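In what comes next, chain A is part of two complexes: it sits with chain B in the first one and with chain C in the second one.
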Partner chain A sequence: MTATPVRKVAANTTVRHFLARVAFALIMTIVGLLFALPLVWLVLAPFDATPSLSLSWPDWTLDNFARLAENPYALRSIGNSLLLGVGTMVIVVVLGALAAYAMSRIRIPGRDGILYALLLLSSIVTGTAAMVPTFQIITQLGLINSYVGVLLVLAGGILPTVIFILKDFMDSIPKSYEESARLYGAGPFRILRDVVAPIARPGLAFISIWTIVQVWGNFLVPFILLRSPDMQPAAVLMYTFYTESGQADLRLISTFALLFSAPVLIIYFVVNRRYGFRFHGGIKS
Partner chain B sequence: MAGINATQLVKEYPGGVRGVDEVDVQIHDGEFFALLGPSGCGKTTLLRSIAGLEAITAGSLVIGDRDVTNAEPGARGVAMVFQDYALFPHMDVGDNIAYPLRIKHVGRDERRATAEKVADGLSLQGLIERRPGQLSGGQQQRVALARAVATRPDVLLLDEPLSNLDARLRLEARTFLKELQRDLGVTTVFVTHDQAEALALADRIAVMKAGKLQQIGTPREVFQRPNNTFVAGFIGSNPMNLVETTVTGGGISIGETSVPVPAGTEGLVRDGQTVIWGIRPEYLRWVSSEEPGAIPAEVSVVENLGASVLIAVNASGHKFQVVVPEDHEPAPGDRGWLVPQAAKTLLFDAESTQRIG
Partner chain C sequence: MTTSTTTPAGSAIAPRRRRADDVAGLGTVRAGIFVAPALILIGIFLLFPAVWTIWLGMTDYRLTGLQAASPEFVGLDNYVEALTDPSFWNSLWLTLIFVLFSGIIGQTLIGFGLAWSVRNIDGWTKGLIEGLVLAAWVIPASVASFLWLVLLDRRSGTINGLLGTEGTAWLIDHPMQSIIIFNIWVGTAFSMQLFSSALNAVPPSQIESAKMVGATGWQQLRDVIVPNIKGHILTNTLLITLWTFNTFTPYLVTAGGPNGKTEILSVYIYETAIPGGQLGLGAAISLIMLLINLVIALAYVRVSKGRKKR
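Right, the complex of A and B next:
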């Protein structure tokens, strides 16, 4: 065998390899662009004097923001969403951490069964199936049109998942850490605060963001439990942006959508920076 | 400083299994005490019962002059170093060492000062701001020890203190532990499954098996006069040769040979009684020419131990292990004689396995 055919084969493979890479990059670019289009619309449409559902170079204006500011409920609804999100987060993180710690450390007969049952049922609580009973219970409790009712239902729906995830985090913390702290005189709450919570911090950070995102996007629960328009969160308010003729008011909707998506992104970056999704390792034994 | 006094201590698990079974043990003030036994023998359970991490089922526990049978772990004046050291990964070395002081509401500056002082004493200078994950195994152990002694406990408990270190570091840490214990003079109880570790470190050793105490004594006592065949077989780097045989004509029959009964057992055994005769491999001499009282045997396996050789021999149906100096090692198949050191032999009852005499 001479050297020439070998080189030819090698050159052929290189060319084919190069073409394959180019084709792959092209296809991925097209797919990526398809996914990027709605996001581009989200950023451009609010600045367009006459936005439509198609994507076009905007006729730049800030009028839409001015119009949105005139709407008495728009900005307040973002505040309402924040209130509901943070409120649910506090309830869920505090109760979830306590319950997960107990579930992780105390032997209860049928513990795993309880957890799985809760997890399954939780998807029903905040889902469409339980809409009527949920409404009736909250009415009977006299909590209709109050944030307490909404917070309870939202937290109740999210808690089982949170307990499930946090229990896993706490299971991975060696018992010797707590026993060590106990020997120095620390009580259960002290141990939870000084030892368990700091080590489970990545889990707690994840749970916090996840809860806010869940509540932020939840439409059904506040929609059926809140009556007054000034109490509605953003996700429900968007539903009311119609023109007099009953057409969807794209100028308001697009502008509001941009404002609606901003806080979640900001919260994500702040929490990620401050608390970080870092993991502390134990000792291999 | 305080002694520990356990009386009829029982720790029963749900289901009736006894981890610790009616254990009586007195540990003196300032003593370095070892709990020794194979895995699952209840030694760690006993240690954890002393710490208060396991609730005692029955019996009583006194530390110093206080009955702490039902006291909270934090109210017993004990500190413990766990097998995995249990250093908090999210705190630096200084905060770890000072954590017990933080619970006692000591101010931040004082805590840091104490931590630095204790750390210096355990050669941890310059590591005070490191996280546990950035330390070597030996350093982690010293941090755990520093945290345990920072509060000047009455009793220091160590759970398998050397088992997480590699072999070379283990010897270093052993010496270090012994020095530290002597300097502090603190009553120390440690758990180990390694008899060499127990013999090397402890002032006294308690040997346990299946939750029950087998023997308490100084390393010399448990080595020279084991209470029963279990202790005899467990203590010593090469297990004691234990041979079931009968007493004939005032001597022990090993095949055709009659070996004199150990000193102090004359009159305690009768002719025809089945007994277990015990002798350590180190106290048997291998000779190639017949001597009076020597047992004829044939070498089956030769294991090199470095400075000496461990040979397994067959002597009229009984198996013996013998330690032979390195220059006189026989080959498998060689025939020769075993000469026991009469003063070092022991006799056990065949039924109860207890030592006779």
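Right, the complex of A and C next:
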């Protein structure tokens, strides 16, 4: 007599539990599809002989890539992006490693305070908040439309994070190596180059890749500081392609979009899988 | 040889410790030389612009014309002009809506939902979902923007095809909603990853005991999970707020239009200062933006300090 209602309640909760799970799974599936939808076009359209804005099974071809090579701006802009990425990387890795090493090994007064202040500064003075003074300063320095201006602005924004991360790496290097190197008469610069840098290689590699990814996608800084079309990096050219060409050439744009995205996607997924590191936030956007 | 590791830390033996610290024989002077180039670069291109904004905002500096050659000091005129201009308040209001719905609500909730739903599954489903969300976050902003223009296209966009709403111009009829969803798409990966690691750190024993006393999924979430990851939620909210507030990417989708309906503060500053040429006025608004950033960042510092102490 008393068992039935109990069983009914139990069955009720199981049913409700089951329905809740189904609803949850359904919602998450829709969210997942929503995330996939824009990406499907990026992957399919470049291989379609006649791509359109709607999704369709492609008429497979590789001609679009051959055509892209003929566009005078496309490949050059990829080269420009590479130049900016590697240039910024060299500046921040060299200056960052020197600064991080010194900060790791010597008790400079107020060191930790400086470090946190720098990090705070870089998160407050973002590209958007500082675009007006940066633009004005670069104009005054006569560096508008030069890579030097873009490189210096990008490096200045990225350096605090770089120093912060590299100092962590340097702190974890045992000092006994340096002691022995010093006993054999190596100077500080030599020690940094031949002893510390090889050990800190994972840290330096991480910073290098991270910097290139940051600069590769950066739109705002080159957008406001560069003028000539043939100097534009891919991030800006992509925008120019779809805003300024009257009738958008989808074969060109889709192929270019994939070519431009592929390096960061590959870097991210290969590196992420192999080393399992997370990209630190900071200056993304 | 191993003095540096065996020397106990303490103020009584400070001189010896200092020598042990300086194993590379750097010396304070050379250390200063090592640090200087980085600090100078940061000083000129990060610190100086921030300070320069204060002065620039009190001039009538323009990109072209007479005021470009010899700008005049105008005191607080720019601030008066900005604060009495309805378009500034409109922009600030749009920014608030954008940050609230796309950052604080959208990215946080969906990021948490994704982290929660993939936490117990293994294999390719988890990899696929995480991979898709991450891909949206790593592809360059100008590509992401174009993909959304394609998706939302009036005549042949996929969304109109799927929903059966042919001819709907989403970016003209619902511009704000569009960039909010766009920005959720771009940014959710961060919250997802942060909550993934936060959920991993919740002691399983606590969840087990909650299950034993018969707590439902919702009760577990409210009474066990949320109290455990409160710090992460706060950190996530503040960082997302800061980044969403500072993003310029919606400009690549709607260019602030139609009729300024998506002119969030970053776009407003750009339009005023660079195409509009009013650098002085733009700098004044930039300073307001920098101050808001400062407040959010200081809140973040307080929160993370409090967490470390506990």
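By definition in this document, the second predicted complex is superposed on the first by the 192 of 285 C-alpha atoms of A that agree within 3 Å, B and C clash if a C-alpha of one lies under 4 Å from a C-alpha of the other, contacts with A are read in each partner's own complex, and residues count from 1 in each chain.
Heads up, the rule we're going with is that contacts are C-beta pairs under 8 Å (C-beta built on N, C-alpha and C of every residue); 3 or more make two chains touch, one makes a residue touch a chain.
Predicted model only: the values in this text are computed from it and were never measured.
S.K.: Output check: A:Val221 vs chain B and chain C. Expected answer is one of first, second, both, neither. What do you get?
M.R.: A:Val221 contacts neither chain B nor chain C.
S.K.: After superposing on the shared chain, does chain C or chain B touch more chain A residues?
M.R.: C
S.K.: Per the contact definition in the header, classify A:Val132: touching chain B only (first), chain C only (second), both, or neither.
M.R.: In the superposition, A:Val132 contacts chain C only.
S.K.: Touch test for A:Ile199: chain B only (first), chain C only (second), both, or neither?
M.R.: Only chain B is touched by A:Ile199; chain C is not.
S.K.: One more residue to check, A:Gly96. First (chain B), second (chain C), both or neither?
M.R.: A:Gly96: touches chain C, not chain B.
S.K.: Mind working out whether A:Ser176 is in touch with chain B, chain C, both or neither, as first, second, both or neither?
M.R.: both
S.K.: Can A:Tyr184 be said to touch chain B (first), chain C (second), both, or neither?
M.R.: A:Tyr184: touches chain B, not chain C.
S.K.: Take the contacts of chain A with chain B and those with chain C, and give the residues found in both.
M.R.: 174, 176, 179-182, 281, 285
S.K.: Quick one: which bits of chain B touch chain A in the complex? Just the residue numbers, please.
M.R.: 51-53, 72-75, 78-80, 82-90, 99-100, 102-104, 132-133, 140, 151, 164
S.K.: Which positions of chain A touch chain C when the two form their complex?
M.R.: 17, 20, 24-25, 27-28, 31-32, 34-39, 41-42, 52-55, 91, 95-96, 98-99, 101-103, 105-108, 116, 118, 120-137, 152-153, 155-157, 159-160, 163, 174-176, 178-182, 187-188, 191-192, 196, 213, 216-217, 219-220, 224, 234-236, 238-239, 242, 253, 257, 260-261, 264-265, 268-269, 272, 278-279, 281, 284-285
S.K.: In the complex formed with chain B, which residues of chain A make contact?
M.R.: It comes out as residues 174, 176-177, 179-186, 190, 194-195, 198-199, 201, 280-283, 285.
S.K.: In the complex formed with chain A, which residues of chain C make contact?
M.R.: 1-2, 4-5, 18, 20-28, 30-32, 34-35, 37-39, 41-42, 44-50, 52-53, 56, 61, 110, 113-114, 117, 128-129, 131-151, 153, 155-159, 161, 185, 188, 190, 193, 216-217, 239, 242-243, 246-249, 252, 266, 269-270, 273-274, 279, 282-283, 286, 289-290, 293-294, 297, 300-301
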